[in-house]
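Take a look at the structures listed below.
Note that chain A is present in both complexes that follow, paired respectively with chain B and with chain C.
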Partner chain A sequence: MYQEDSEWDDIIPLPQDDGELPLSQIAYTEEYAEAMAYLRAIMAKDECSERALKITKHITEMNPAHYTVWLYRAKVVFALNADIRSEIKFLNDKALRHEKNYQIWHHRQMMMDKLGDPTGETEFISQMFEKDSKNYHVWSYRQWLVKRFDIWDAGELEYVEKLLEKDIRNNSAWNHRFFVLFGRGNNPSQEIIDREIKFTEEAIFLAPQNPSPWNYIRGVLSRVNMPLSTFEAVCKHYAPTGNPSRITSSHALDMLADIQASRPDTREEAEVALQLLAEKFDPIRTNYWNHRKVLLQKAGTA
Partner chain B sequence: MSAPPRPVLDKPRHVRYWQRCLKTCLPEDYTSTDLNRMTLGCFSVAALDLLGELPFLTSPEDRHGWIEWVYRNQLPTGGFRGSPAADLGSASRWDPPNVSATFFAVATLVNLGDGLERLKRREILQLLPKLQREDGSFGECLLPATEDEPETLVGTTDMRFVYMAVALRWMLRGQAGMGCPDIPDFDVDKTVAYIRSSQSYDGGISEKPFGESHAGMTYCAIAALSLLGRLDASGLQSVDSLTKWLVHRQVPFEEKDGMDEDDWQEILETGTEEEKEAAMRVERGADGRPIWGGFHGRCNKKADTCYSFWVGASLEILKKLYLIDVNANRRFLLEKTKHVIGGFMKLPQPGGFPDILHSFLGLAALGLMREEGINRLDAALCMSMQAKERLMALDWWAEGRSQI
Partner chain C sequence: MIFPPHPQAANFISAPSTTISRSPLMRGADASSRRPQRLVSNPKTRLRPRFPKHSKKKKEMPSSCTSSTARIEEIFDDSENDSSLNTKPPPMADTPWSPTNLYVPPKMPPKTPDVFSTLPVLRDTYITFTSTEQDNTVRKVIPLLSSRDDPLPNLKRKIHIEFLEAGLNEKLPSYMTVLDASRPWIIYWCLTGLSLLGVDVTIYRERVISSLTPLQNAIGGFGGSHGHMSHLAPSYAAVLSLATVGGNALSLVDRRTMLKWLLSIKQPNGCFTVAVGGESDVRAIYCALTVISLLRLPVPKELIENTLEYLASCQTYEGGFAATPGGNEAHGGYTFCALAALCILLPPKKLNETVDMPALVRWLSMRQYAPEGGLSGRTNKLVDGCYSTWIGGCWALIEAALGVDMPLWSREGLIRYIMAATQCPYGGLRDKPGKGADSYHTCYVLLGLGNAMYHHTFEETGEEAALEGEGLPLMAPFRWKGSKVVPGVETLVEGFEGWPDMRFGDEAPVTVSGGLKGDRVAMCHPIFNIRYEMVEEARRWGDGLVGF
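Showing the complex of A and B:
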């Protein structure tokens, strides 16, 4: 209780004024309402003090999405020249307990930017990914970290591979792979592209119906201006349209349809592939595959 | 199996849910949204508006009182704070205008039938270019200058703020940005280029370049482009791959999706092959189509109520909503995530509770699919057509005039 704490004697709390007919009023706990009243009072004074660090810590425990309290805390940390390493430690605990939160990661980014040394960061991120390897905020932060500290070649690709070994369907990891390859601006060598094609083929072999590697290879080929037909044999392997009972991937059918549609002499085969998708292999998207068929027919008569 | 009878929207229950949200205190669990009360308020008012009950089940005094509450959160320098919790009694660096709060405040006022006479419209329009970053994206708040600190733009780089800023420009500047020629506009081309560069290799759109495609971010991007009149090659690298990515977000409901997370884990670890197969079974109708099919927000994730809106609205804006399986989506919402006390849960799991965000977006998603009993809504503004009409009747919307 702040009211009984002599450290806060000099502060006149600033209670919340909601007016007569508030919208979406929340049944605050007494603890939150009181702490907020003291917080408002010292924020209004723009006070930079140890007790400001204490109360902002308390508030973010009850409401980690309070955006101005984090901004205020960042200012106090910098103004007091507080130890940023211990701030990061505090954030570790916070992030592990409040996984879906923008502010914690924004604050971390500000701290890390100031600290200028990413030691320990990728280890902590691994810890976060053990809880949820698709956490959007954490992946976003990781991209920032890689760019900010130019650590593209310090194990990023190896780490992605480790995550994919655990879960080949982790689309966030596939996306990060794309970022590591192309995020630097210049395209990688043909040798690397060949490696990626092989890597994707192996991933598809493990789970042909997993959309991530199919999307990934489309992205890679398009980025380096290689034709989709580079992958035609793989498509045919998983989608032998002459023997529909052996088809094991709707994504192979889809890519095959695209490849065949691009050549006038195989356009009819593309229609067959789309028909199979609409009727048998992806019926939740019947309308979409039929729409594609109509587009194809229109293109054929144009 | 043959499909069960067509479900209906239990409108009275939803109405009661929203009345409770508006007339009683929200439970303590909402404390983590304390600074976003403007958003919660907007959804609550907009939900009753979509249900067509706002004029009948709330009194003019209620609506007037709520309008007053919204204006209490307007800053003297223009823009809004997200909640009275951030009100520090006098001007402060720590009580800055927030772009999301400002968007939701204006939308709430329009929903409540306010004429925006007291809105500091010029100030908001002046604020927008200051919120824009060099790369065309927008920040969340502008911290006012103090004696020893300059005005500071803060916030993550993400598509949500792009949408809010663009929607404010559309609402307050009027047709084609003509409403107040004397106030400098933000750099529209830069914003369009930012959105374009955020379209990912798989066709979806992310919060920023090279991020993972995400249906919520995709909605923000598509709605923004539509409000800017730039749903063309300048704003998108490929409409075809975007459309494809969007329709692929619909996923058949498997038995395990309706299970408690721990129960499914147990089956995965110790269950027999038959048990695993049963858990992954998809029920289909006579036509072979899945009976239930909601939407997820990212590739290989689980279906969640809110994505029926984010994906549905994106397709509606692209005029391609007919490409989804409407029946399966309807059934997912009305049979799997609706709650007995009204409203919608996030996930189709037992023991869940409805919340304001998912309850509103579930309704809005049904509205997009022309559900009986729900008013038509504008997908890009996420408000009823009636509310949009009222907005467009305001002075600055009248063509060729600029009355401020």
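Showing the complex of A and C:
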């Protein structure tokens, strides 16, 4: 293909050297091997040209995980001052077809940084989340985008709520909520904290065994230096230690144990909660709960 | 001519052993009385485990047992009340002993504890996508973990070795071109997997050197394939592969250009980019520090400046570590990278001052699920065999940091999950039932099995301060020691005394390969994830270096 193309006449391809006794060789298609041979040749010259854009596009088509091609392509795009909007369009199609790919998102981030205008980005990301709403790379990219373009208040919280409405157990959405709330560095007002406490309570009501809101509220309270005991009544509601048959959440028991351990006069109650977890409600973590009990006893004697 | 024996004859052995073969069954019956009470309010939404129906593969049984066989089916069909599984002793044992009936039932493996064979006591009735996925996984895993014939299958060592050898020796099909940028990884996964299984991989030394030579670039570092840019991930895999085959193979690396290249990708904020112009995250730091310390590179101040602070700032509100400090979610892979990187810079005890330990230990602990026993990478995500390394590997570092003499997690759970649910019938290990095997999962599930078998300690010598000297090589990771003895754990798997050296049904420990017995895998270093012997050899290689 490249061999017969007059555009590539001046290039002497550099074939792959796999060494004399190769391990784990890959049976490349002829098409891939040829394209790579030409790529090596123009990369050796550090060529930034239209045909470099063509060949990198061709190779990412065959191997989207090829970081070298992506990094080289980014360099060429910038050197030629190529149209970044059309690059983004090209990336949209790629990302939707190859969900679990690091390189595409790093490339997109570089392009978007250069373009300086995030119009349409959150919409595209939402399209990605339709396929997998816990995609780590996409969430990381979204967090970068929000920070880079200062779009904290442009529908982020609403979007998180939409995702949580769909699946209250989507921990990535909970994590993003925390990011939206605290990512700016300064702590939000008491009014907002109260709203978050209420929001968490409602989420726990739907599914008391869902760890996400429990982790979230621990994070929020610790971040704003409020004591865990702010949540004590809720814990007791889902973990009435006096009536174990009505306990519906191991996470409530866990937090209750922490709250009670922080006060010398309720340490024994904390031990009861840990005992319930170890023996009945969360036996896969018996060792961990016993460890917590030992820590508690040490704190008691200290 | 030899006549085929009568089907009954094989089962008829001397009478006195009846009592012995009954004992594990009795234990099983006792245990069931401690079964926790179930609290499910809506039976319609409750997930019921489906047990395999054995009717199709009837085993040859003595004719006197046909009625018992019928009872087996009855029990397996009785999914409405699965507790009958635990309370009724296996039917074979019911056959009363009498002088005229000398039948002795075959020895049955011990019953799987309830925590690994029944649904958790607390379950929400509210259903979402996440809970459905979770239920689907549990439905596939329970029958494997609570199998009555073989709840703890043997390690299928031979076919796993064949699988990994094929990965090294055969040409990979063209659809694996996506791995073209990760070729040192394939070599590392296969070599590490094989060495865990007891294979002597030093025979691959020449070929490893030959394969990696074209990947080293003049500017320093290794690329994913010939002509690819230098990148930290393939550089990490290349250096570990060279260390794994020993015999000074590490001398292939140009240490001078490697250091130069590392300095060129070091960021002022403490992180590294994976390549010139590439992304940066804690994975990059772990790869870089591994290369730096194994190659005994001198460490100028700017090489690790702010790195400790960067790593610590990746801990999220959940307790685990994220890829970057930018608000990402806590994740198993990044948590291992962050902790291992910290332990290359510091003795593990110093973790206590560097990170929020109670939150970290809680989060790590929550990664283990029941009844699967396996580990998950993030809150509300599914178990996956590869987290046996990423999460399972954190425990060694945590245990050394806390200096505890009691177990913190369920090694038994992970062992049961790995043995019963991740071994593929045709070789290789996998993420979870329903997925296929690949060399990545094979390597990390086997490393995880090692994590469940061994205990590691850091040798405190009172010279800890010297570890942080300016300009000196990073020597802290060379002071770890592994042991078969796990404090506070006598039996790794309940009912299987002597496992892994003694497999169920073996009369005595059987040496299988490379001096390993039974189901044992080789002991690996908790930070570098290669065998201890090879880390030791790399240390000696480093001691012998003259100049730079």
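In this text, the second predicted complex is superposed on the first by the 301 of 302 C-alpha atoms of A that agree within 3 Å, B and C clash if a C-alpha of one lies under 4 Å from a C-alpha of the other, contacts with A are read in each partner's own complex, and residues count from 1 in each chain.
The definition used in the following text is that contacts are C-beta pairs under 8 Å (C-beta built on N, C-alpha and C of every residue); 3 or more make two chains touch, one makes a residue touch a chain.
Predicted model only: the values in this text are computed from it and were never measured.
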Fit-or-clash call for chain B and chain C when the two complexes are aligned on chain A: clash
First, second, both or neither for A:Asp46, with chain B first and chain C second: first
Partner chain in contact with A:Ser245 - chain B first, chain C second, else both or neither: second
Contacts of A:Asp265 with chain B and chain C, given as first, second, both or neither: neither
First, second, both or neither for A:Glu191, with chain B first and chain C second: neither
Partner chain(s) touched by A:Glu123 [first = chain B, second = chain C, both, neither]: neither
Which superposed partner A:Leu206 touches (first chain B, second chain C, both, neither): second
Which of chain B and chain C A:Gly19 touches, first, second, both or neither: both
Superposition-derived comparison: chain B or chain C, residues of chain A touched: C
Which superposed partner A:Asp10 touches (first chain B, second chain C, both, neither): neither
Chain B and chain C contact sites that coincide on chain A, given as residue numbers: 14, 16-29, 32, 36, 40, 43, 62-68, 71-72, 102, 106, 134, 136, 139-140, 143, 169-172, 175, 178-179, 183, 210-212, 215-216, 218-220, 222-223, 280, 283-288, 291
Complex interface listing, chain A residues touching chain B: 14, 16-29, 32, 36, 40, 43-44, 46, 62-68, 71-72, 102, 105-106, 134, 136, 139-140, 143, 169-172, 175, 178-179, 182-183, 210-212, 215-216, 218-220, 222-223, 279-280, 283-288, 291
Residue ranges of chain B in contact with chain A within the complex: 21-22, 25-28, 30-38, 40-41, 44-45, 62, 65-66, 68-70, 72, 82, 84-90, 92-96, 98, 108, 140-141, 143, 146, 154-156, 200-203, 207-208, 210-214, 244, 247-248, 250-252, 284, 287-290, 293, 298-301, 322-325, 328, 356
In the complex with chain C, residue positions of chain A that touch it: 14, 16-29, 32, 36, 39-40, 43, 62-68, 71-72, 74-75, 102, 106, 109-110, 134, 136, 139-140, 143-144, 147, 166-172, 174-176, 178-179, 183, 206-212, 215-216, 218-220, 222-223, 245, 247-250, 254, 280-288, 290-291, 294
Complex interface listing, chain C residues touching chain A: 36-37, 39, 114-115, 120-124, 126, 128-131, 167-169, 171-174, 176-183, 186-187, 190, 204, 206-208, 210-214, 223-229, 231, 274-279, 316-319, 323-324, 326-331, 359, 361-363, 365-366, 368-371, 373, 378-381, 404, 406-410, 413
